[in-house]
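Lettered A, B and C in written order, each chain numbered from 1.
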Amino acid sequence: MNTEPPLLLALDFTGTFAFALNGALTAVRATRLDIVGVLTLGMITALGGGILRDLLIGQTPPGALQDWRYLAVALGGALVAFALGQWLHRLETPINVLDAIGLSTFAVLGANKAVEAGLGIGPAIILGAITGVGGGTIRDTLIGRIPSVLQSDLYAIPALIGAALTVAALHTGLYGLPAALAAAAVCFLVRMIGVHFGLQAPAPPGGRA
Amino acid sequence: MNTEPPLLLALDFTGTFAFALNGALTAVRATRLDIVGVLTLGMITALGGGILRDLLIGQTPPGALQDWRYLAVALGGALVAFALGQWLHRLETPINVLDAIGLSTFAVLGANKAVEAGLGIGPAIILGAITGVGGGTIRDTLIGRIPSVLQSDLYAIPALIGAALTVAALHTGLYGLPAALAAAAVCFLVRMIGVHFGLQAPAPPGGRA
Amino acid sequence: MNTEPPLLLALDFTGTFAFALNGALTAVRATRLDIVGVLTLGMITALGGGILRDLLIGQTPPGALQDWRYLAVALGGALVAFALGQWLHRLETPINVLDAIGLSTFAVLGANKAVEAGLGIGPAIILGAITGVGGGTIRDTLIGRIPSVLQSDLYAIPALIGAALTVAALHTGLYGLPAALAAAAVCFLVRMIGVHFGLQAPAPPGGRA
């Protein structure tokens, strides 16, 4: 069982639910799927990043397969998307907010787990970001889309910032609940500013080479 | 080396051969490949699900890389598909039967290994299904197709049923050769009924949301 | 930290740089990406094969996440591609040569690591080849292309030859720096002959079945 402080655990479950809901909705919109496909892709979106991180740091079985609450929350989010998908596009703003909470929490907790596993600064930041963006990347690849995180929007960059702040706090001995929340808040703000203003990461000079 | 009872081992090899043959045939029909591609995709279809399960439960190197007979049987199936692919579409029914034997055996043995690795009921059922459908999913993703298991046919659902029956037998102390064969037989029957009647898993309400 | 002899380590870094550069260039040419996408795909091309091998032999965290020099060299190669991509297509021949150095070194060192991890002859040869071709395969899958290694050119076959020679040298007690360089040289030559003459691996009889 996860032993995070209750507030972080609540954020983690919120993010898991939002990722599963949003991931399943994205999958339903992009292609024809049956119930197996919708639930699978929702759960992969929610749990895939953490599972990938756990495989890379050698923590097996991954936490998402050891603590049944993550599977249950992810299944719940995907089921809501399956049943109510037609009505949920009216809720784009709250879903975006919940998704950004998930991105922030996953990046901070993922970077923390990577440091605890003994990884250096660079790899820990990368693994924090992978925790945040990995699930959506696997989902996009499975439905034949180039992962949006590689192409557009500020999505990986806020995750990298949140993970970097977490690693900095850990290396200076300042990590704790306030620092984790502050790092997540910065990630969340950068993400929401990006959504609001439609910011894009820089493209290669001259466009397509 | 695998220490399953001889009958289960024979079914496991039969399934491995059928998955490699069928996986390589699917790959050849879907896209232009050379011998490396045909053999690789055949072997991935046959061994990918079990390798994914072993990575997730932390059993490394995966069994398929430790017991040379699995590699040999998978290579054999893929070579037959490479050499005789043009003639094999006449054999659709026997290939479907062999493929369903593979699905059933993989789901039952995969769920059993997951329980032995200490996983709970839900994750063990999921890992049993992954053992059955994971290889074909990787193959479809590599050749640029949305995995058919996410879209159509009753394929994941019989695997989930077979895995669930296996986990139930293990948790009630009834697991053994007869229970394993019974669980596999139910999975096999559901799969063959699905093939025969063209059954589909339910799609999201309203179709594409 | 990697403890290979300095010459092999230099070849390994050269290959890592070349794979990252070439991988990022391929990604930029194939699709619209932002800086996150270009750097991610360059680094995945360079490091993905070795990470996949390390996951499969159970060496976690993977070497590429433990020795910061690999991450740094891969990031450097991808940054050069991002900044100078428009001018680099004039350098096709030197990039092909560097890429073949990477393929050869990765195949030899990867097969060696697989044998050290206790794998048998067949799996060790396969893991050597995966070390060489795995990164490009993941990159191609992420950008929605069927991996070129499955379709065309002599790319996997020289890697398999280099890995097989390495395993043979290890099993006969002849492995050492000269044998490693000889195995890499054979792989390199087969690859360059393939590039020069446009050789293709055999396709299934009758083309698409």
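Convention: a contact is a pair of C-beta atoms (placed from the backbone, for glycine too) under 8 Å apart; a residue touches a chain by one contact, two chains touch by 3 or more.
The chain lineup, named per UniProt: A, B, C = Trimeric intracellular cation channel family protein.
What you see is a predicted model; the values in this text were computed from it and never measured.
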I want to confirm something about chain A and chain B. Since they are copies of the same sequence, is their interface symmetric in residue numbering (over half shared, so same) or not (under half, so different)?
different
For chain B placed onto chain C, the superposition rotation in degrees, Cα atoms, nearest 5
120
Measuring from the mean C-alpha position of chain A to the mean C-alpha position of chain B, what distance in angstrom results?
30
Send over the residues of chain A in touch with two or more other chains.
55, 58, 141, 144
Contact set on chain A toward chain C in their complex:
55-58, 117-120, 122-123, 126-127, 137, 141, 144-147, 149-152, 156-157, 200-209
Quick check: in the complex, which residue numbers of chain B touch chain C?
25, 28-29, 31-38, 40-41, 51, 55, 58, 60-62, 65-66, 68, 71-72, 82-83, 85-86, 88-89, 141-144
